[in-house]
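Before anything else, here is the set of structures, which you'll find just below.
In the two complexes below, subunit A is the common chain; its partner is subunit B in one and subunit C in the other.
For the complex of A and B:
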């Protein structure tokens, strides 16, 4: 484990009790999704398998696992880190590309259309400000000395 | 009490949830709470967590710094935004990290963040700061015959440390109390804490729909007059997608989905127009029941 995104020391505290998995709503519906096994795989050094697989995208980020962990491991955050690793290794991959394009083009995950602006005006709501380049500028700043 | 706050709208509410924004603004106005719009606010950082964790933190920190510069605490409507900003606030208590973040904010021409801002969802603010007793005194039209199923949304009280543990993350009650304060009954149901599933709609559509369907089914079976939500994404999952989810489950749902601000506003005596009921896709006609 040598990636700055995942805290290896925190992972070492996991004693595989499975409490994250037993409280997971996704696991209840899709038993193949097992957070404690995914943590174990990271510990085994199987990062490539994880970031190329489907499992990390099934987490709803509901935080139930993080709340339940007796070792206070931020399990949900680890899934975000795995996704960020997947994104870093292949920034053009399918799942995030629509989100990325909306964010980088408009600064918003839900861009406002001409009709949206009109609806707001009609309802007497304040005009939405344009800050289209903000997200890409922040990404550049974050990357600058990595 | 200082009743002037920065309103953090986020990107979903002002585009996908006008009924939420309009009703929240009118409830605040009616209660004498001044909500200030800061046009400089940008993305909260939530959608960026899956791409670049540090960039996400920078986005959140920049918003905190903007409110701090104006001397205003933040009130928000989207649970995802509020949770993200509140979590950043806790993370930035680490001095080394804060210095690193502030250095970057400087290169972006933004103010630095100095730990001086509180971040609360509007419902938490009403419950905790405005106060239930004060709210009850304002209720002129209690909703006595109505029964609502509350959906909190995962990020309303979780991660609990980010929200100062203000509510029980496994069995939250604050929204129930607000709605009860408005005179209505709330339903205690085992599916209460289920996720709406919207965040995995793109990656795992079946799972996502299943999650939404379970809750719609549970509340329909318990005779709820409506589901009450506090987040624009959850509303998309339950209202906009309700027919799709029903078709998938072989059921026909007809469960109105209301924002908590519409319910409280109604009990405060605000008009249908002030609460933007025209934008509700599944019409709420309690009188007909």
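For the complex of A and C:
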């Protein structure tokens, strides 16, 4: 387990009441997304499987589970951490990787279109900067591999 | 002290001790020591013959001190206390467990260590004083605070045992929370039946005086003779006369039975208690079932949600003990009244120990649905039904239930009565506000001698356990209700010529046994004292001594200890071992033959908190190479904060050593559990090695 990002001690206090999943809006739509199960899998050491799977990206971070967890487990924060871990160990090919390098180079996931520029101008917003230094600092802070 | 007559008795333990220790040499040496008038070696001192021999020598030589070098002082205590001489004048030296048994392969060192131990004990015994138990008069009256089922039972039990009892209740009526219930479990009978029986027993017992609408204002005095002022407020009480009467009751013991209060689930907004009419608590359920005849039969779809507020770090972190059985009971009543009711219990864990498991099984058999999974929230639909949406953890899928009644299984918390009383009479509570001392070993005790707990003021519990705890509290209280109380003379004595009234003893005593005399000097209430010696350990002037172990004795023992008893290059470790745990673990190390360096000289202390920093510093200044203070793990300490205080004090000594350019490693604390002789031996071994690296204490005189 990555101690830096996931509080294992806190995670071990889960006593499987299922309140997180009962209250999860995503679970109502996609029954395969079960927060209690994901917590259990982390505890069982299946971190790689989770990081490489797509479940962790389904959380809408509404914080209902964290809010109501009787053991005060910061469930949403744990999912965030899993995403950060996934991001760090991101494979070099694939869409995510492409987005990652685009983000690093230009500071945004998708190139701004002519339409975007026009909309901004109309709304009185300043022109978009092509400077990616700020994003680069975020990359450094998150210790993400470029 | 020149006229003392010490008899030294050496036991070979059927030849076992002698195999390792040269007893004849030690006997020879002892006979030349000041005050020693007789020395005898015997093959079995604890036998009838051995005891006879000791008694014979006592008569023959007119002995007034007896030193027995045999097995551990923790053993054969009965045999060696009844020798016809005051037991405080009998000293034991641990030749077997802590010498011969733990150094079987090194006869030479075992003998050297035995010689050192014998020398120290000979010095200690010179200062021993004959002490007799003190008898203190006590009244035969008890006070029971709280007229619920626990308090009533305590009152009946106490009166049954011959005590005069005052039972006080802050409400105008007796019965407490039980009078609000519809049915008891596991037999599902009405509580009124049991209560009425109890009330009539109260009525007919002339030794019981009931004061309703009454509260404790304050408590002073000691066990045996507490003085409690009680205020009776309203005049509509059953038995209490006039308005606002304050009276004083003298009681030998107090049983606190201030009960519980239901947890209010309003803060758990997700369940809508208070907003949704059809969401009620388990106690609301009892009220409705009791007051509305058709309530049970009318229900068609009922959901129970377990652990509401309990086992919840945001509310009550503990399990409230009763809620599983309460819900199962209520579900069964519903099912009996209307078999078509689709009763569903949403649970996290079902806890039904002992006989209650049969009720749980009965509930399952009756068709009550149990779903493992806790709803995250409740919603009310347009028809006023409550929709319960839960992820069923066993099925692995979501399940929906439209209930027309949802019962929240809310738990128990400490009552306001408990909190008020705690403040009025200065009682300690645990982090959950229940009255507690040492839950595991002394569940019925409060942290104040003579004050005991019955029922839910100690922890959540059901009716039968409350009644059980009332009986236990009664048995404990009876010691103080016999007309007199015998107190063992182990309590501390303050030397007021040394005392500078710093109040540390008063502050640190875990049992609030100290108060001030009219000149501001601390005085110990021997009835409140548990003889842990934490005051002796804390006194900055060394002005406090226990009956069985004085500062003078400790200092004397340090003086005579030969700091080079194993030779110039071997370090000497002085171990202060707590009586309950570390000393016993050290004995076990010997019994189990776990090798332990002979560099350790141990002194038994009642608690690691009883060791004064002055003694530790003195030992270092007299050339001891290392001090090992061994107590029990923090939470296990019978004296609550003994180990913790010992650690703090030792850290202070350690800093002082550093300031004096001595190695702070020369003092060490070790948490040794009673059952961990391996850890004890390993700790000593490691420490001795470390001290060898450090080298000799520069203060050791060549």
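The rule is short, and it goes like this: the second predicted complex is superposed on the first by the 95 of 146 C-alpha atoms of A that agree within 3 Å, B and C clash if a C-alpha of one lies under 4 Å from a C-alpha of the other, contacts with A are read in each partner's own complex, and residues count from 1 in each chain.
Definition applied: a residue touches a chain if its C-beta (ideal position, glycine included) is under 8 Å from a C-beta of that chain, and two chains touch if they have at least 3 such contacts.
Since the structure is predicted, the reported quantities are computational estimates derived from the model, not experimental observations.
**Student:** Please work out whether A:64 is in contact with subunit B alone, subunit C alone, both, or neither, and reply first, second, both or neither.
**Tutor:** Both partners, subunit B and subunit C.
**Student:** Mind working out whether A:30 is in touch with subunit B, subunit C, both or neither, as first, second, both or neither?
**Tutor:** First partner only.
**Student:** After lining up the shared chain so the two structures overlap, which partner does A:12 touch, if you call subunit B first and subunit C second: first, second, both or neither?
**Tutor:** In the superposition, A:12 touches no partner, neither subunit B nor subunit C.
**Student:** In the three-chain superposition, say which chain, subunit B or subunit C, touches more residues of subunit A.
**Tutor:** B
**Student:** Who does A:103 touch here: subunit B (first), subunit C (second), both, or neither?
**Tutor:** First partner only.
**Student:** Can A:116 be said to touch subunit B (first), subunit C (second), both, or neither?
**Tutor:** It touches subunit B, and subunit C stays clear.
**Student:** For A:22, using the defined touch cut-off, is the partner it touches subunit B, subunit C, both, or neither? Pick first, second, both or neither.
**Tutor:** Touch status of A:22: second partner only.
**Student:** Do any residues of subunit A touch both subunit B and subunit C, and if so, which are they?
**Tutor:** Of subunit A, residues 64 contact subunit B in one complex and subunit C in the other.
**Student:** If we count contacts the way the header does, which residues on subunit C are in touch with subunit A in the complex?
**Tutor:** For subunit C paired with subunit A, touching residues are 270, 307, 311-314, 348-349, 372-377, 389-391, 393, 396-398.
**Student:** Please output the residues of subunit A touching subunit B within their complex, sorted ascending.
**Tutor:** Touch residues, subunit A against subunit B: 5, 25-26, 29-30, 54, 57-64, 66-67, 74, 76, 80-81, 83-84, 87-88, 91, 95-96, 98-100, 103, 107-112, 116, 119-120, 123, 125-126, 128-129, 131, 134-135, 137-139, 141-144.
**Student:** Within their complex, state which residues of subunit B touch subunit A.
**Tutor:** 11-12, 14-16, 18, 21-22, 25, 37, 39-40, 42-43, 47-55, 58-59, 62, 104, 107-108, 154-155, 158-160, 169-170, 193-195, 197, 199-200, 202-204, 207-208, 210-211, 276
**Student:** Show which residues of subunit A lie in contact with subunit C when the two form their complex.
**Tutor:** Residues of subunit A touching subunit C: 15-24, 27-28, 31, 34, 36, 64-65, 68, 70-72.
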